[in-house]
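Going by the order they are written in, the chains are A, B, C, D and E; count residues from 1 in each one.
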Amino acid sequence: MILATLLLIPALAAGSIALLRNRRLMETVHALAALATLGTGLTAAIRVWRGKTEIIALDHLLRADALSALMVTLVTLLGAIAAIYGLGYIRAEFDAEHTKQARMFFSLSQVFIFTMLLAVTTDNLGVMWVAIEATTLATVFLVNLHNTQNSLEAAYKYLILSSVGIALAFIGTVLMYYAGSAGSGEIAVNWTSLHAAASRLNPQVVRLAFVFILVGYGTKAGLAPMHTWLPDAHSEAPAPISALMSGVLLNVGLYALVRFKAVVDITLGSGYSSRLLMGIGLLSLAVASAFLLTQRNYKRMLAYSSVEHMGIICLGLGFGGYWGVFGALLHVINHALSKSLLFMLSGNILLKYRTTDIRRVRGLLRASPLTGGAFLAGTLALMGLPPFGPFISEFIIFRAGIESNAWVAVIGIALLVVVFAGMLASVNQMLYGEPPDKLERGDVLKWSMTPLAVNFVLLVALGLTLPSALTNALKQAIAVLGG
Amino acid sequence: MFVEIFPKLVNLLASLAVGTAFLLIARRDLRGQVRLFAAQSFFVSILAGVIAVFARSAELFAVALGLALLKVFIIPAILNRAVSRIGLQRAVAPYLGAPAALFVSGVLVALAFYVMAPITASNPLPTADAVPVAFAGVLIGAFITVIRRRALTQILGFLMLENGIFLLALLATYGVPFIVEIGVFLDVLVAVLIMEVFIYRIKENFDSIEVGEMGRLKG
Amino acid sequence: MTASILIEAIQLLIVALAAPLLVGSVRKLKARLQGRRGASVFQPYRDLRKLLVKEAVISENTSWIFRFTPYLVASVMLLSSLVVPMLTTRTPLGFTGNIIVLMYLLLLATFFLALAGLDAGSAFGGMGSSREMIIAALAEPTVMIAIFAIALRVGSTSLDEIVRRGADDSLLLLNPGHLLAFVAFFIVALAETGRLPVDNPATHLELTMIHEAMILEYSGRHLALIEWAAGMKLFLFLTLLSNLFFPWGVARTLEPLPVAIAFAALALKVGALAAAVAILETSIAKLRLFRVPELLSGSFTLALLAVISFFFVR
Amino acid sequence: MTLVKKIWTTPVVTEPQGVIIEDAQIEIIARQIDERARKLFGRSLHIREVDAGSCNGCEIEIVALNNPYYDLERFGLHFVASPRHADCLLVTGPVTRNMADPLRRTYEATPGPKLVVAVGDCARDCGVFAGGYGVFGPVSAVVPVDVVVAGCPPTPPMILSGILAALEKREQRQVEITQQ
Amino acid sequence: MTINEALMLNLLAGMLSSFGAGAIGALLCARWPRAARVVGHTFALLGALLALGLGLAGLAGGTVSVSIAQVLPIGGVALGVDRLSAFFILVIAVAAVPSAIYALGYTREYEGRYSLAGMGAALNLFLASMSLVVMARNALTFLALWEAMSLASYFLVMTERDDRETERAGWLYFVMTHAGFACLLVGFLLLSHATGSMEFAGWQAGAAAVTGTTRNLVFILLAVGFGSKAGVIPLHIWLPQAHPAAPSHVSALMSGVMIKLGIYGLVRVGFDWLSGGPAWWGGALLLVAAISAVLGVLYALVEHDLKRLLAYHSVENIGIILFGVGGGMLFQTYHLPALAGLALIAGLYHTLNHAVFKSLLFMGAGAVLHATHTRNMEEMGGLIKRMPQTAVFFLIGSVAIAALPPFNGFISEWLTFQSLLLSFQIPDKAVNLTFALSVAALALTSGLAAACFIKAFGISFLALPRSEHAESAREVGFSMRAAMALLAVACLVLGVAPFTVLKFLSKTTSELLGATPDMQFTWNRIVTGGSFATVSPLWIAVALAALLASIPITLRVFRANTARRYYETWGCGRAVQTARFEYTATSFANPFKRVFSVLYRPVKELAIEFHPESRFFVRTISYSNEARSIFDDAIYGPLNRMLRSFAQRVRLLQSGNVNVYLLYILVALVVLLVIAR
């Protein structure tokens, strides 16, 4: 029941906002819905983890196990933060004359949340596919919210590439379904049943299927070389949406990938998927590092950094073993927290400087100390420095890597140094120096930034300690994946 | 008798469907392209109907009808509306000329047979022989999106790819569960509607629907 | 105890008093070799006495460093004279330090002299300092490698020990490494004491000067101290050369007779070396400044060969 | 090797006393310096040469003092590079306008007690250059001169005798100074 | 004497809470710069004093071990103090105490210009993480603290952030240090994988089982990682950029202490974690030491930026320290633990000494910077009259770093020489020659270092001021002078009474090597290698002082003329004496440049502008003679260019054309399918 509620809230909110005329009312509904979703999501997740159980609803259409609970937590938490930040941001971006855009933003945001929640709580792989495809459809207008040439271009590319990519994932789904039904007669296209039948699947078919899944959902997860839409879309979308897309949506893509990986590993052993994941992870890392080294646009920088981190997570998954997966999941959380923080801050910077060119953003620390400081902290976290969470998760991932595939890990670490060099140069350029003369001093959207404190606190907390509750939750999630 | 004819019929219809995709590669005018897509959808829905009869599946028959409705009528109608609204388009050569593109498509078909061989081999269904053909349709659809410069043609390529996938699912497993199919239809419909909007916006912003114009976001 | 104090006093006096004589002798011998009569061998004493009665003209730009340096330089030489085994192998103050300490003490003197050269702000002084330091720096490796060669042979770097064990070794001169080390050290000694072919102590031309350029500003008692110290430095180096490499006649005890013999032996050996220096200075020309590194690297190679020969020709 | 041979075979060329009259004179003069200098400078006199505008004729003669024939050094006389080291300034030439100031500075830079010997006719009264537009005046117009050595150029023995005279004169002054 | 654990724990807790209070206090006072300055630095001083106590207590034998499983979840935080850790805490504290005092005055200038709150917080964090990192007892704790240290120091480097040069310096520093960190990470992970433990104790226990390639690989990785922090050549390029950019007390800390933690790591690797290895380990370290020492000082010689010159000297001194460490490793390989102990003592003692005199020198340079607002030596001069006390302190530092008696640098360099000379006990001729060349390199280094500090002191402080900045310089404030005075006294004390430290050090090395070092010492004498060598530092100082006093007395006795007359500098009688006649730093260095031109590859430029009416009159002549860095040209430049051009080429992937993007997907699919099939 709780899962249905969880899905219902954003759906209803989306519908009602679409009908509303009053701006203030829209904002209220939006914020309240986000908070309600957060509450429900957390309750559901805690129930799953506490009871070491899963929640099943609507005749097995919806099912939440520990892994889903993790994703639900992330989606609802970051959704709520982005929603609250978004109130201020949208108010600053769209004045009273642009209520239409505001309405579209609020409404589609809710749809976006809904589709993501659906994707991670359904047991039906087909429905999951539909939901993930729907995330694209929900966000494509959000990317194009400003309706500029650039955003249009980004949105179109996003639409076409994601659609083509995700279509391939459907082939994978069909093939898995086929492998399941061919092996054991009639089965549902449910993950649970597929998982149960995994050992009897036709390995040849599963091999092919996983390639489709990898390319398909990999497109959604922003893995190279299917990542090309990502820097465009993430950099053109409004900040709160960028935050959600980079912070959560990519993870939803990965989530789908991981679900299939769990099945594939049972059929083929973990070597096959590991090799593919490590390869594609390294490629993502390499491509991202090249782009980060010479990046001139800070939103694109953040976007490429997402590619990089997705690569790291893939490496973690590829390294496998308890710790590899543990590190990967932990890194999912850390990356989501830090990237969403940074994308929202990039909104602040954009509002302040009215440019996304790194070279024209100078003296951020002096111009807006709060934004600058938080941006610095976020970047440091992203670059894997203590005392922030990613330091720990990367350490865990690479420890697992040295123990299983030392060379891959070493190359990965070397590429991270290149990434570090590139990002640090960009950040240095932005934070320090003398701000432009005509720029007013002071932070914009000071109060909207309050929810970002949650990100910050969580990042630091995860950098210093791992609460046993979290460890348990991750342990259960890993168990779901068969680790 | 129907049992004997059935695989051949399936093969024929699948080949026809993929054949229309080949034609699309050669075709330049937008209306003709839309018509080709409608034709392909038509073959696919006929095939779905045939399989539904063969498998005695009411659900599948409903899907076939739905498909026919959606892809033979609604979507072509939408696309035709778009074609009329954007007006006449200057003909632009695709990235690859028709002969070369046809050659590559041939290679893709061979590849499809190569890749899908294990599935054909392991599949007990009578429709299995046509699975590679369906996959060839997928690849050609994707290939069309790669070589064509106009947004509308790219969308058609995507839709053909979608058809290929449907065909693949149909041939390999007699279709996926109903709810998924409905969801997919819904997605495709929404996607096409969104794409239509985008085509207008692109036309408005760039004064043509050539995707090559959109090359400002680099690096 | 008394004997110890006596020995040290004698050493101090020998160095302090004989240094001008040594300088005078070298000059005299050079004059004779050049076909001149030359000044008396006691001329340096006269020069020093005269300088002590003159006033000191000091540049207005200088600081206390300029005035302090002559005293330090002289003190360092006097301290060194207490440490170098001159007459016996039981130099009472030998514990002060080994040969490396000695070299660093001398470097301390050079350090301040070079600072003093810069202190007046004259271009000559700066030039002298710069040149003096590059030569000192380039000489340093040779010194240490030569010391290494000695340490290899006698198993010690303590000055007394080297002399004592060297004296026990009757086949000393047959050892090629030993001779190589001697030659290397000799060249370095020439460089360190500012003799030809590295530096011409008698030059009048500022642009060719090294040591002289640094002390161009000094006058009166300061100049006297520096000249005296330079003499002592020469004396110390010649003593080192003679006693470390030819430790003949050095007393093993503090008895009067052996000490007296040692005194005579020292006079002979230092005299011979001084003659060698004079002959050398007469027969060669000064090297251009940028040829000096070649000379020093040559001496370094010799020292290194000495070390190698000790490893391989044992 | 040839050098060594040459050194070996060449006798001391410095003329011993009493061979030629002129040389005998030098020797006598030298001895006189010797006595005076012993009193004042302890047989050590360091000389700084200043060319205040000379035609270099005098310099050639002065240089000759250094050669083995005259061998100045044997008397404890020595040319030095810096006035700081010098006891005696040997000034040649008419003092040109440009050299007047440097000459004064050189004098000041020399630590006392000190002597000044003006060498040559030009140093005495500007010689043939007297009245020239670039000529400042004789040496005595710039610094206190102890002795003037006439001649154009003066011979090396004359220069030596000049230094002697300077010592004599300075002795008196020295006495005066000490009396104050 | 036994130190109980409670005391140690209290000291540790006190230190951490002081630093914590300093950091938080400074941040809380962000609105009141003056308060932030005072609060931040006072607590830093307090913490440093407690660290001093902790270090001393640890050296006296106190131990402590703390582990908190809740923090840093994988393995928890594990801290412990043994003598080696305690010694490095001492080194940190010895530089930190004066730095904090100095900063109180030095940072007054920053009020209103730069964030003092951030600076105070970063300084406290920096000190805390440095003190903690040497106490770390497992891999993650070490790595986390190591990065925290780099991070804090990066912020400190970026203090004067308006400067583009600073930005670049900070970037280079952080990237290099992060690259080093990456090496450490891999090395640590390999080692923990091979020994099956993340604890240092486990490494030590399991090290013997680690053999072959892994062992060598771990050594290389850790050596490179720690070497990059220590700034050995060719990993030094960040050092001459970052140290000058930082505020001077931070430069002092970075140069004096932080780079020593690289040495700490190397000592741990060589003598504790891996405990011994093949001869080439030590040989490689000696080689690196020789290169770092000689090239470091040579680069310093041609440098005219006072702080950068000092930074290059840090490279040199790290080389000298490594002679000790590398030599020690070689001795250990040949089972000569007593000599290994001696060599290690030499290295560690030089570590302490360098911390003292380099801090002193950086503070002196900071004082000069404070007074003249320039780091360019060519604009200084004559400061000894304007800043007499600073000049004395800087001179003491210079003499100490030139390793001249009676100051501290001499003792440690002497010990290093002894340990190198005693190498003839090793029965391997190749190794013997290596040592011989090391001796030569060290000797050359010390000679060049003396030359360099004659330049540094002589050009900056002596003669006439070369610019108006220098003309108007004034002596700096009390706190800065007090800090320098403390360090100057320390230079002398460590130079004349080395037994105070040697006592602790010989226990430290005994603990590490299990054998007493080949050295005896009393309050007045150090004897190494039996009777191989002796030195009596106190006697040298006393005798020198006595002789110095006796000479003027003797002169009086002989009734020497004591009159003194001041007159202008002799300049061949020219009319005016100005600073333009002085020898410049460039000209001082020129002979060195010519002699070592192979290395410097100087680029000379002579531009003469003639008078328009006659070629015989010159209007201006500008001469420049720049040395180029071999490493920038040969390694980093090409690497950087290669990476960038590669990145540029990769950027073409994102061409903006959606068709191409679709092609990527298609190709990826096809390729993967073919592979999977």
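Definition applied: contacts are C-beta pairs under 8 Å (C-beta built on N, C-alpha and C of every residue); 3 or more make two chains touch, one makes a residue touch a chain.
From a predicted model like this one, the values you see are computed outputs, not experimental measurements.
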item: Contacts common to chain C and chain D (chain labels); value: E
item: Most widely separated chain from chain D, with each centre as the mean of CA atoms; value: B
item: Chain pair with the most C-beta contacts; value: C-E
item: Chain nearest the overall Cα centroid; value: E
item: Reference chain E; chain at largest CA-centroid distance; value: B
item: Whole-Å separation of chain centres (CA-atom averages), chain B against chain C; value: 98
item: Chain B and chain E, separation of their C-alpha mean positions in angstrom; value: 69
item: Intercentroid distance (Cα basis), chain D paired with chain A, Å; value: 97
item: Interchain centroid distance [CA atoms averaged], chain A/chain B, Å; value: 31
item: Contacts with 2+ other chains: residues of chain D; value: 82, 84, 109, 111-112
item: Chain C residues counted as touching two or more neighbouring chains; value: 54-57, 216-217, 220
item: Of all residues in chain E, the ones touching two or more other chains; value: 565, 567-568, 570, 651, 654, 658, 662, 665, 669, 673, 677
item: Set of all touching chain pairs, with the criterion as stated earlier; value: A-B, A-E, B-E, C-D, C-E, D-E
item: Footprint of chain D on chain C - complex, ascending; value: 27, 31-40, 43, 46-47, 49-50, 54-57, 203-206, 209, 212, 216-220, 223, 282-283
item: Chain C partner contacts - residues on chain E that touch it in the complex; value: 381-382, 384-385, 391, 395, 399, 402-405, 410, 414, 417-418, 421, 424, 429, 432-433, 436, 439-444, 446-448, 450-451, 453-455, 457-459, 461-464, 525, 529, 531-536, 539-540, 543-544, 547-548, 551-552, 555, 558, 560-571, 577, 579, 581-584, 587-592, 594-595
item: Chain E residues touching chain D - in the complex, by the definition given at the top; value: 565, 567-568, 570, 572-575
item: Chain C contact footprint on chain D (complex, rising order); value: 3-4, 7, 10-14, 41-46, 68, 71, 73-76, 78-82, 84-85, 87, 109-113
item: Chain E - residues contacting chain B, complex; value: 651, 654-659, 662-663, 665-666, 669-670, 673-674, 677
